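Please see the structure below; I have some questions.
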Amino acid sequence: MTSNRTFRGGVHPLRARHEGKAPTRGQTVRDYAAGTVTIMMGMHLGAPSEPCVKAGDHVKLGQVIGEPVGPLGLSVHASVSGKVLAVGPVQSVSSPAAMAVTIENDFRDEWADGLRPLGDVETCPAEEIVPAIRAAGVCGMGGAAFPTHVKLTVREGQFCDTIILNGAECETHLTCDHRLMLERGGRIVDGLRAAMRALNVKKGVIAIEDNKPDAIEAMRRAAQGRAGVEVMPLRTKYPQGGEKQLIQVVTGREVPAGKLPLDVHVIVLNVGTACAIADAVIDGRPLISRITTVTGRVARPSNLRVRVGTSVADLVAACGGYSIPDAEVGKVVLGGAMTGFPCPGDQVPIAKAHNGVVVYSRAEAAEPEESPCIRCGRCVDACPIGLIPWRLKYLCDANDMKEAAAQNVMDCIVCGGCSYICPAHRVLTASFKTMKDRIAAEAKKGKG
Amino acid sequence: MNLRMSPAPHVYSSQSTRALMLNVIIALLPCAVAGVWHFGSGALTLILASTLSAVLAECLWQKLAGRRVLIGDLSAVVTGLILGLNLPPSAPWWLAVLGSAFAVVVVKGLFGGLGDNFVNPALAARAMLLVSWPKYMTAWVAPAGWNACVDAVSAATPLASPGSFTAWQLFLGDVPGSIGETCKLAILLGLAFLLLTKTVSWRIPVTLTASAFAFSWIFGGDPVAAILSGGVLFAAVFMATDYVTCPMSAAGQLVYAACAGLLIVLIRRYGLYPEGVTFAILLMNIAAPLIDRCVRRRVYGHGKGANAHNG
Amino acid sequence: MRTMDDRKHAPGEALKYGVLGGNPLLRLGLGLCPALAVTVTAMNGLGMGLATACVLLCTSLTVSTLRGLVAGRARVPLFLLVSAVFAAVAQMILAGWFPALNGALGVFVPLIAVNCLILNRADEAASRSGLMTAAADAVGMGLGYTAALTLVGALRELIGRGSVFGAAILPSGYEPMLLAAMPAGGFLMVGLLMGVFRAVASGRSGKKESERT
Amino acid sequence: MSGVARVLLFMVSCVFTENIFLTRLMGCCALDESRRLGAAAGVGLFTALVMTLSSAGAWMVGRWVLTPLDAAYLQTPAFVAVIILLTVLCAALIGRIRPALREALEGSLTWAAANCAVLGTAVLNMEKACSLGEALLSGLFNGLGFLLAIVCMAGVRERLAFSKVPESLRGLPIALISASLMALAFMGFTGLA
C-alpha cells in the first residue's frame, strides 16, 4: 500500500539510520498512573489558566483546577484524584517558573460530576458539540496545543469544507498516533464526525503515511459506513504531517503567507485530538490523559496512556528506567527528534501536547561541529516550502532582519529538515526560529 | 544528570563534508588507476605531486591567513587529485605543483576558503596552466604502459585527429589524452559510486552529456565520438558537479548543464582551443549565481498558486 | 595634531601621501583601466604613468585657475573637456617623439582624457584649492600613479617574460608564465598588490595605535 | 558570407571574444558599480545606450566634420564633447520616461560619460575606418558586452557578500581578482569569431 501523494522537498530521516519507530510500533498501549502529578496551567497556546484550588484541598478526577483566562484560555482538569500538595511555579520544558498544581494520587480514581455526556455523535445536538469540547479543555495534541474549540469556531464570512485528520505521524521515533489508530480507530472517526457535524462540513479526510499500512487498514474499517469520511494514504516523507504540507497534499490548496488554514476552508486536527473530542462529546470526559511514546535509551520502550502532569522521570521508570547509567544520559527530548524540545531535567511534567519522550546517550546527543557551507544545495532541495536556507543562514548570522524577512524567513515552518540534511552541520533551523521570534517581537513592539 | 539543551533537530543525516569528499576521492580512484595503467610513472608522479602540494598549500595558506586549518575536510585532496588527473601525462611535475597552489590559494583561499570560491579551483588552475604554458599542456603521449612518459612518443588526441580511434579504444581509454579523462569505463564506475552514495544527483552529469551529444549532432559532428573523446565525461561527472560552483536549484542545474554542453561543442568546433570543456564549465560557473537568481522555486503560500483558491 | 587633510595640503606631505599612503592606484583604486591594460612591461607602465601625470598636472592647474567659475552639475563635463584637450596634446607629443611607446600604449593615450584619476583629483582637490596646493597634489598623485604603474609593469614583465625594462633578470631556464602578460594576469596582479598595500597600511596603523596606548 | 552571419559573428566578437571589459580592459572604473545586481544592470544598460549613440555620433563628427577640416588632432576633445552631450540627453530622456529610475541612478549617470569604454569604442571605430552602420553596431555590441560583463560581475559579487574574504582583500581587490578569473574563463571564446 504505497502512495505517491506528497509535497515537494522534504527529507527521509526514517529511511536513514535513525529509524526510531521500530521498538514501540508493535507495543499495545499500557495505562500508567504516577504517585504524584504536576499539572501545569499553561499547557495550551494562550494565557495560562488561573488555579482554582489550594494546597490541602481534595480533588476528584476531572475536577476543574484551573479556570480559563483570555480569548485563547482553556480549563485544566485534575488528572488524578487525591490531595493537592502545592500550587506554585515549577520547572517546565520551556520556562523555569510555570504555574502548576501538584496532586498526590490516592489511586481511587473517583470521578467528579460536572460534564454532561451528549451521547452518540451522529444524533446529539450539533450546536452543543463545540461548547462540550471547550468544557473538556481539549487542545491540539500534535504539538502546537492550540485550543480546539477556537479552531472549530468559524467566524462570519468564513466557511470550512474539509476537515483533515492528521495521522501522518512523520516524526521519527513516535508511534503514539499509530497505536491510537490501531486501537481506537472508531473513537477517532467519532471525533471527526463530531467536528464535521458541529461545523456542517461534508468532507472529512484521515491522512496517514504509507509506512503504516495496518493503521490505514484499521481506519478504513472504522470509517466504513460513516458519512463523508475518507482515508487517504500519503507517501512517507518528513514533514508530511506539517499542517501546510498536509493541506497542500490533500486538497491541492496552499495557505497564503500569513493566513490560516481556515482561509482556504480547511481545518486540520490531530488524530489524538479527534479522540479527545469523542471522549468529551460521547462520555463527557475532560482531557486528562494522553498516549505518549517513551523510547530511546530506556529499558522497555513503550506507548503509555499517561495522566497529564506525570513527570518524565516517572515515565522513564514506568518503562524500566534508563538503559544506560544516569551519568551517560545526554539529552531528553519532549516530542520527536526533528522538532521536539530538549528537557532541562527529568522532573519536567508532561503536558497535553507532549506526544513523546526520547532519551539520548551522551554520544548520541553530541552535536557535530559546524563547518563552512559548501553550497551543496541539499537544504534547498529539502525545504518543503521553497526557501533558500543557506542564504537565510548568512542573513540571520548578520542579523539582517529586513533582508531575512524579504527572503521569507517568516514562512519557515521550523521543520528541521535543512539542519538534518546539512553535511556541514550548520545550525540552520534554530537560527531561523530565533530570527522569526525576533521579527515577531519587533512587529509587536511596532504595533503596541 | 547534565542534559544538553541544544535546539531541534536532534538527529542528523550521516552525510558530512568529509564523508562526501571521501566519496569523491573513492570515485576518482578508478580514473587514477586507469591513468597510471595507461601512462605509467609520469602519471603517478603528477597525481601525487598535485595532490600533496594542494594539501600543503591549503595548510600553509590557512596558517598564514590565521584561519582554522581544515585540511581534514579533504577538499584540498579532491582539488589536487582532479587537477592531477586533468594534466597531460608528460607535463613536468612543477606544473602540477604550481597549478595546485594556484587552485588552492588564489582561486579558493583568497575568496575565503571552501565554499566561498565561485569557480572550480581545479578547472581555473587548469585554464591558467593552459594559457601560461601551452607547450606543456598540449603535448600528448601515446598510452604505452609504465614507461609511456619516459619514451614520450608524441601523439595526437582523438579531438585533434578524429576517426583514428575505435569507440572501444575511446571507451577503455587506450588513447592519448589527460591522465584521468581517457578511460570512460573508470569514469562511469566513479559515477555509479557517486550516484549510489547520493553524493551527486544525476541531473548535471546526465544533462551535460546529453546536451553535448545533442549539440554535436546538430552541428554535424559524430555525437558518440564527441562524448567519448576529450574530457566531456570526466568534467560532467567530477567537475561540473562541484557543489560550490554549480547552481543549487534543481531547475538551475539543468539549465547550467545544458548550456555547458552547448559551450563545449561551440568551443571545440569554432574556438582556438581543441578542448572546450575547461572553459565551458568555468564560464557556466560564472553564470551560476545569475542562474540561481533567475530560476527560483516559488515559496509556499506566495504568488499565483497560493491565491488560486481564494475567493 | 594636524588632520590628514592638513597634511595633504603641505606640498612635501602631499608628495609622500600621493606615492605611499594615498597611492591613487593601489590605495584609492583610481585609474584602473590603463593600469590593467598597458602594464605588460615596466617601460609601458612608466610611459603611461608619466603621460598621465603630465596631463593630470596641466588639468589640475587649469581647473584650479578656473575654480569658482563653474560649479554644480556642469563641472564634471568641464573637467572632462579640459583633460581631453591636454590628452590630445599628450598624444601629439608621444606620437611625435616616442612613436614606439605611443604604438604600445595605443588607444589608451586618448583615453587619458577620461581617466578617473584626473577627474577625481580635479573634483576633490584642484577645484577647491589654490595653484600651489593643486600642483603639489597633482605631482604627488602623478608620481604615485607612475610608481604604481611601473611596479605593476615590472612585476608582470618579470613573471611574464623574465625581464625588467627589457633586461633579462631570471636565468635562461625560467619558463615564463604567459598569464602575467594577459588581461587576467593584469587583474590578478593589481588586485593582489592592492591587498598587500592595504594589509601593510593596516598593519602600520595598527602598530601606531598600539604604540600610542 | 551573408550579411546576417557577418553581423552575428561581429556580435560574438564584441560580446564574447573581444569583450571590452574583460579582454580589452576598458570601463573597469565601473567595477565599483557592480556591487548589486540591480544597480549593475541599470548602469550597464545606460552605458550600452550611451555607447551605441555616441559611437554613431562620434563617427559623424569625425567623418563629416573633423576629416574635411583636417583637424584630426581635435578628435579626443571633440569626441568627449559628443559623449557628454549624449549622456546628458539620455539621462534627461530617462528622467522623462522613468523618473524613479533616474533618481536611483543619479550618482552613476554623470560618470557614464567618463567611462573609458565609451570613448574607447568611438576611437577604435575611427582607427578601423568602418562605416556608419558598423560604428553603430560596434557601439551596440560593445555595450552589450559591457552589460554582460558587469552583470556577471555583480552576480559573483553578490555571492561574495556571504564569503569569508580576508579583511585586506574586501571590496575592490577581491573584485579585481574575481575579474581575473572571469577574464581567464572568457579566454575560452578565443577564436570563436
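Some notes on this structure:
Which chain is which? They are A, B, C and D, in the order written, and residues in each are numbered from 1.
Here, contacts are C-beta pairs under 8 Å (C-beta built on N, C-alpha and C of every residue); 3 or more make two chains touch, one makes a residue touch a chain.
Keep in mind that this is a model prediction, so the values were computed, not measured.
Taking the mean of each chain's C-alpha atoms as its centre, the chain lying closest to the overall protein C-alpha centroid is B.
When the interfaces B-D and B-C are ranked by how many C-beta pairs touch across them, B-D comes first. The geometric centre of chain B is 33 Å away from that of chain D, both derived from CA atoms. Averaging C-alpha coordinates per chain places the centre of chain B 40 Å away from that of chain C. Each chain gets one centre point, the mean of its Cα atoms, and the points for chain C and chain D are 22 Å apart.
With centres defined as mean CA coordinates, chain C is found 68 Å away from chain A. With touch defined as above, residues shared between interfaces to two or more other chains in chain A number as follows: 372. Residue positions 106, 110, 113, 115-116, 128, 131 of chain B each touch two or more of the other chains. For chain D, the set of residues that touch two or more other chains comprises 162, 164, 166, 169, 174, 177, 181, 184, 187. Here chain B touches chain C in the complex through residues 106, 110, 128, 131-134, going by the rule given at the top.
Within the complex formed with chain C, the chain D residues making contact are 22-29, 31-32, 73-77, 79-81, 84, 88, 110-111, 113-116, 118-120, 123-124, 127, 166-169, 172-177, 179-181, 183-184, 187. On the side of chain A, the complex with chain B involves touching residues 8, 11, 13, 16-18, 172, 244, 248, 253-259, 263-265, 326-327, 329-333, 335, 337-346, 358, 360, 365, 367-368, 371-378, 380-381, 384-388, 390, 408, 411, 414, 416, 419-425, 429-430, 433.
Looking at the complex, you find that chain D touches chain B at residues 37, 151-152, 155-156, 158-160, 162-166, 169, 174, 177-178, 181-182, 184-193.
By the touch rule above, chain C contacts chain B in their complex via residues 175, 177-180, 182, 184, 188, 195.
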